[in-house]
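Multiple structures follow.
What follows is a pair of complexes built around chain A, which joins chain B in one and chain C in the other.
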Partner chain A sequence: MTEPVVKTDGHPENPQESPIKDEGLEAGVANLSGDRIEKVIHQILKDETAARFKAYIETCVHCGLCSNACHFYLSNDKNPAFSPAGKVKQTIWEMMKRKGRVAPDSIRRMSEIAHTECNLCKRCSMYCPFGIDIAYMMLVVRRICHKLEVTPLYIQDTVNSHSATMNQMWVKEDEWVDTLQWQEEDAREEIPDIRIPLEKEGAEIMYSVIAPEPKFQAELIYQAAILMKTAGVDWTMPATPGWDNSDMAMYTGDNEIMGRLKRKHFETAMRLRVKKIVMGECGHAFRSVYDMGNRWLGWRMPPVRIVHAIEFYYDLLKAGKIKIKKKYQEPVTLHDPCNVSRGGGLHEKARYVVNAICENFTEMHPNREHNYCCAAGGGVINCGPPYKLNRMRGNRVKADQIADTKAKIVIAPCHNCHSGLEDISRHYKLDVEIKFLINILYEVMEKPSQE
Partner chain B sequence: MHDLYSFLTGPIAAFSLIVFFGGMLFKILNMVYTVYRKERFILSYISLRYGLRSLVHWLTPFATENMRQHPAMTAVTFLFHICLLLVPVFLLSHIVLMEELLDIRWLALPDSAADGMTAMVVGGCIFFLARRIISPEVRYLTSASDYFLLALVVLPFLSGFYAFHQWPGYPYAVIFHILSGEILLIAIPFTRLSHMIVGLLTRVYTGSEFGKVRQAKDW
Partner chain C sequence: MLPIGGCQMNQTKNWDWNTAEKIVSLKEWGDEANWVEDFQISGDGEQVAAIVNIGPEEFSVRTGNGQWDTSFDKIWNLRFLLDGRLAAFVSIDGEWTVAVDDNPWENRFEYVWNLVSSQDGAHIAAAFQADRKYGMVQDDAPWEQTYYNISEMAMSPDGSHTAASVQTVSLNEGEIGKFAAGVFTAALNGKAWNRNFTNVWKVAFHPSRESIAAEIRLGRSDYTIAVDGIPWNRNYNAVWEPCYDPATGAVTAPVRIGSAWYLAENGDILWDRGFVQLWHHLFSPDSRKIAAVVATDFGKWTIAVDGKPWRVNFDELVMDPVFSPDSQKLAAIVKNRGQWSIAVDGKVWDSHFDMTWKPVFSPDSQFAAVAVESEGGYTFALNGRIWNDRYQAVRDPVFSPSGDKMLLRYIHDGRYFRKVISTGDFPS
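Presenting the complex of A and B:
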């Protein structure tokens, strides 16, 4: 990486002047023509967006008050190119100023900004006096880039997997079922009569996860099964596609594939005639099923009730269905994932759960709705290794925030946060361990075999 | 001069008021119509309760996290906007003009108060200008249009202040004051100054989304 080009005002106009190698972007840009770019920008900015977009553009008074909301801005020494409105300036304003006549290389850079320098965490909506939804503006940019086929390679591959397999990680149907049966078998050493009920029609709950769980975190399914058994929950998992609740298409602006995924997921729950979907500890998937995917399909709220793991654990603990042997003793802190706190108001329930299972809990600051994003969410980590260093530089504030708590365990009830915080811990040498709630819950709860 | 004065305070004043009120009304109706036609989902998320909850927080000084992070900006912004809205409406000489034009009248601010408040508007504009030049994050977002809008706002107040104090050549200042005020009124519906109404609507929508769907605060 070369040094950024510094302009006369003392700030790098283009913080990533050295182009990061990304085959997806390069191949996409090679196919662009001025006419095509203009046509797509017009299509999206004139036809697909409407009153909301116009209101945001006409209301923004360029006051810069959104800046302090953004972890990228704060972590990059307050470089204004990383401020929320600064990113809109480099993308949307530029497209509008040039009436769609944007050079292919500029589209490449805009794709980078929208995909890898914004986590769509919506913290800036809470700092803009007018509540302008800048995450939405960045999604509009991503949508344009998607239509122009200039999307970072890694996340596009994930979307391709979604499209072909209805899950995020190219998990084949038989591999899925095999994995569940393997976890069931392992769990039987702990609780001999445990089941992971597949395809149980009329069960109360369908438990859905994201594809990385069967792919390389199968112990999470194991631990969930133990929890379900212990709490006596009537649950099932589907044996067909539709089991994966994740959604990277939502983050590349590929709304059509997002719609297919969510339809499959909801229809699977309806086929199994369950009363609700309980989902594992994932943030973006919650956003997809609770907020964005359902809307694309025309449902104001999800057609099947969605219960995030945090709320599920809360309900079980509150109802006394799970008993705690001995609380976890290590000092812990809690990272509020954007999509379930700012996106779902689950931060107080998360605290109830943490306090119920841990003895030494220290808050990080700021917290709850105001928590800093992990810098992995919004599809940023899914854009892969080329952008990792920028992602790390873009979240020094998170490292400081964690270090200040002095806790050695960070609870992050979200997959993206989990991976993002592990990277941050390594990069900034924080030497903290990232855990899901279920990891601790599994360790401290009373289990049937121990009665 | 007198003819010009009568022309500006008569037909042109009426014209600028019609453009201002008509333009804003059209803007809002057009927005609602576009929402109805293309983004109807917005209507099903708008919530009076959560929208107002958010609005009240953002209209109360220092009630939000970001306002507390920028105390000077917050204080100036509130004083500026309050004075900006009150002075033109409650200035005695404006009320007298309205009485001539439409035969309606209302209570006026004492002249000394209006004078001080006008100075505050001008001071606010100077603050905003300085901020645009000094703060890197604001300068980065600033283009010529931002200075232009600032000038559009400050000129009627500056000239009004000058005219009120009857400094040398003040009759010209009166003419300039009326003209610049009318230009400002006409410009509002067509520029980012329309945030005076649209900004409330975007806030209400975001407040509704945060309160109703995301069950979180947005301040």
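Presenting the complex of A and C:
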């Protein structure tokens, strides 16, 4: 596959000098002093990193085996600057080697590397002979950049939305409830007595989504409501903040806002006395509620059981609560979102669901926990248009993977993957359509009105 | 949303504690409507109500006394107030307002939500949006000043004041500098504090004075508490919700220093022991004790009273702590290894449940009762003893003023039951 874009456009030939303009980085760097940088680096490394970080630093033998795991490295002609070890070398090792005495411009570049050239996908950890979690190292860099207020503008704006509204897209409280009622009304055209039950205390399930759904993908809430009704699920959605399970603060190192969001989310579920939270098709949100946010708050595991949509659909199909009218006929392939496959082990259940609803499924290679990242995750797509071209160039391998399947449809059970793969498809002219599982499930399942 | 569970003793003394059982059949409600949704039961158990659909985009409210005369395009958030009135958000020709006992308020809005109530239920308020500006409407009187956004709505305990976090300055996408400089503040009765902050959360009222406190963020990493717009003189890594000491008027809040949480009062550390987590702190009725949910270590949750944790801890969660009326006991919901139960002063009931609601103490502080889910149905528990029968839905139990009787409210087999029992009726 050849890349249809001029090679030099927007690409950092010298990784130390980025041509990309980003107001968030520029304004942050303008306020930095050497003393402040040194103080923050020391504070984070001393107070917030422990044996894990030290073990990683001292264990790495610089073998470079992580390189071939990284889609950025592979897609950028094996430029070592894009290898996982190379990214660590340019950032946290540099900070440590210089004992925190790092120039403001270097902090800018380090922020750019950590936020936009690493998806925190953890594929490299699987190739590291010692299992070093390089994503964690990049998160430490992002944490330092957060404390120095050198964070890309678009993702910082998203975090600001999180802090002010408890959702990532500035959805106001009235807009949220109004959208649910609008979707309920629309769904009644299809199933007259259908409900999107609000604030139903004691329901079995709280269904949670990420803010793009009420903002511009409301049909996903509609389709979920039809699925719940069809399967006879006892469910509810909150009418208050706490409905959004997403968390870009996790990806900017703003752990305090991450914790605040997760507390709101879990306490909303606890207030409603639900047994479990079923979350829509999102990967990073799963990581935030299942791994990072809950633990920052002091919980070993989520205080309310978390069920990702993949597992939920699997359970419904396995139990016969959803029946398939006729399988989907178009040739499909499946993208494994890193956070729910490598991070959550749901790849086999995803295949069960795909095989149950699709007639013509072709694997991409590599797959399951070895699949390549979409290059959108880890907050990279949320860093916005300035980095889009680099993001496209950083994932030629994904384009090749998809093209090789000859599929017309790519199923991506994750919002960031979905958006990222749409970009990949357009950029590399793949002519594939990206779908969520629920899109196909809704289309092929038997519904009450059709029985 | 509206607190429905708790009842004050002076509210319960005039209730019917003598009739053993009252039953309302609900079966015909469904027969006479297209569908019935959101059953609600009044605090005294005398009334039951639900939203009914009676035609295309035509909804009303059904009670034991019949159907409201008025129908609406849409109804949601039907709730009994603590004084027995019935309130809901209703849509009339596409405009929204609050209806109380079949009487819609005169003011109409593009949207209303988040009903809040005074302790006695006599006063209510809600957030509203009109012409893309936001405020609160209290007993049908909207704030004169409106804002670009609103959240964290609250009402004073006596219902005389309302407050919220408000956005006073417009903000476009990507204006992160403007955001950091501060576009949010708190507003009391619609009047904003004279200073903005990066964020304002969790507005808390003084129990008797016209004073509010809130969590604030100053820039990206500095957090503190502001009281009537004036920040404490020290910043922290993070803070949680403030609370007024009812006796002294001092403001207390959990604050994070380094990686540990402490309880602070007026900006000074009150509990010198730090915790992995500390939240949901509350004062005893006599104001002499403070309790909080804490994590003493990662994944080890318990209650601390005056800074001293219970000796027992729980691996999943501890929630909804409540002091007894005599301030001598404290009960909380605990979950350990997947099992829900109640702990009183660190002693866990022998019985375990699939789910529990907030415990309720008897007026003499001798009993703690709770609504629970157990063995495939809903029922009640008293000091660890479980009621024999299971129901399809229950509400929190209520003690009589003398403490020797309990009101049980439940729905089962198409009927609503109001049952008064003796506490001695619980199986031993």
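What we mean here is this: the second predicted complex is superposed on the first by the 435 of 451 C-alpha atoms of A that agree within 3 Å, B and C clash if a C-alpha of one lies under 4 Å from a C-alpha of the other, contacts with A are read in each partner's own complex, and residues count from 1 in each chain.
Please note the rule applied: a residue touches a chain if its C-beta (ideal position, glycine included) is under 8 Å from a C-beta of that chain, and two chains touch if they have at least 3 such contacts.
Please read all numbers here as calculations on a predicted model, not as lab measurements.
By the touch criterion defined above, A:R393 reaches neither chain B nor chain C. Shared-chain residue A:K275: touches chain C; no touch with chain B. After overlaying the two complexes on the shared chain, residue contacts for A:A55 are found with chain B alone; chain C is out of touch.
After overlaying the two complexes on the shared chain, residue contacts for A:C63 are found with chain B alone; chain C is out of touch.
Within the superposed three-chain model, A:H370 lies in touch with chain B and out of touch with chain C [touch as defined at top]. By the touch criterion defined above, A:A27 reaches chain C but does not reach chain B. In the superposition on chain A, A:R300 makes contact with both chain B and chain C.
Comparing the two complexes, residues 295, 300-301 of chain A contact chain B in one case and chain C in the other. Looking at the complex, you find that chain C touches chain A at residues 1, 34-35, 37-38, 53, 74, 76-77, 110-111, 113-114, 127, 129, 134, 149-151, 167, 173-177, 179-180, 184, 198-199, 201, 217, 219-221, 223, 237-238, 256, 258-259, 276-277, 279, 295, 298-299, 301, 315-317, 319, 335, 354-355, 357, 373, 378, 393. Chain B makes touch with chain A in their complex at residues 31-32, 34-35, 37-39, 41-42, 44-45, 54, 58, 64-66, 69-70, 73, 135-143, 146, 149, 192, 194-195, 198-199, 201-203, 205-207, 209-210, 213-219. Within the complex formed with chain C, the chain A residues making contact are 23-24, 27, 47-48, 146-147, 149, 153-154, 156-157, 160, 163-165, 170, 172-174, 177-178, 181, 192-193, 195, 197-200, 202, 239-241, 254, 256, 259-260, 263, 270, 273, 275, 295, 297-301, 303. By the touch criterion stated above, chain A contacts chain B in their complex at residues 9-11, 50-52, 54-56, 58-65, 67-69, 73, 78, 80-81, 83, 85-86, 89, 125-127, 129-133, 290-291, 295, 300-301, 341-345, 347, 366, 369-370.
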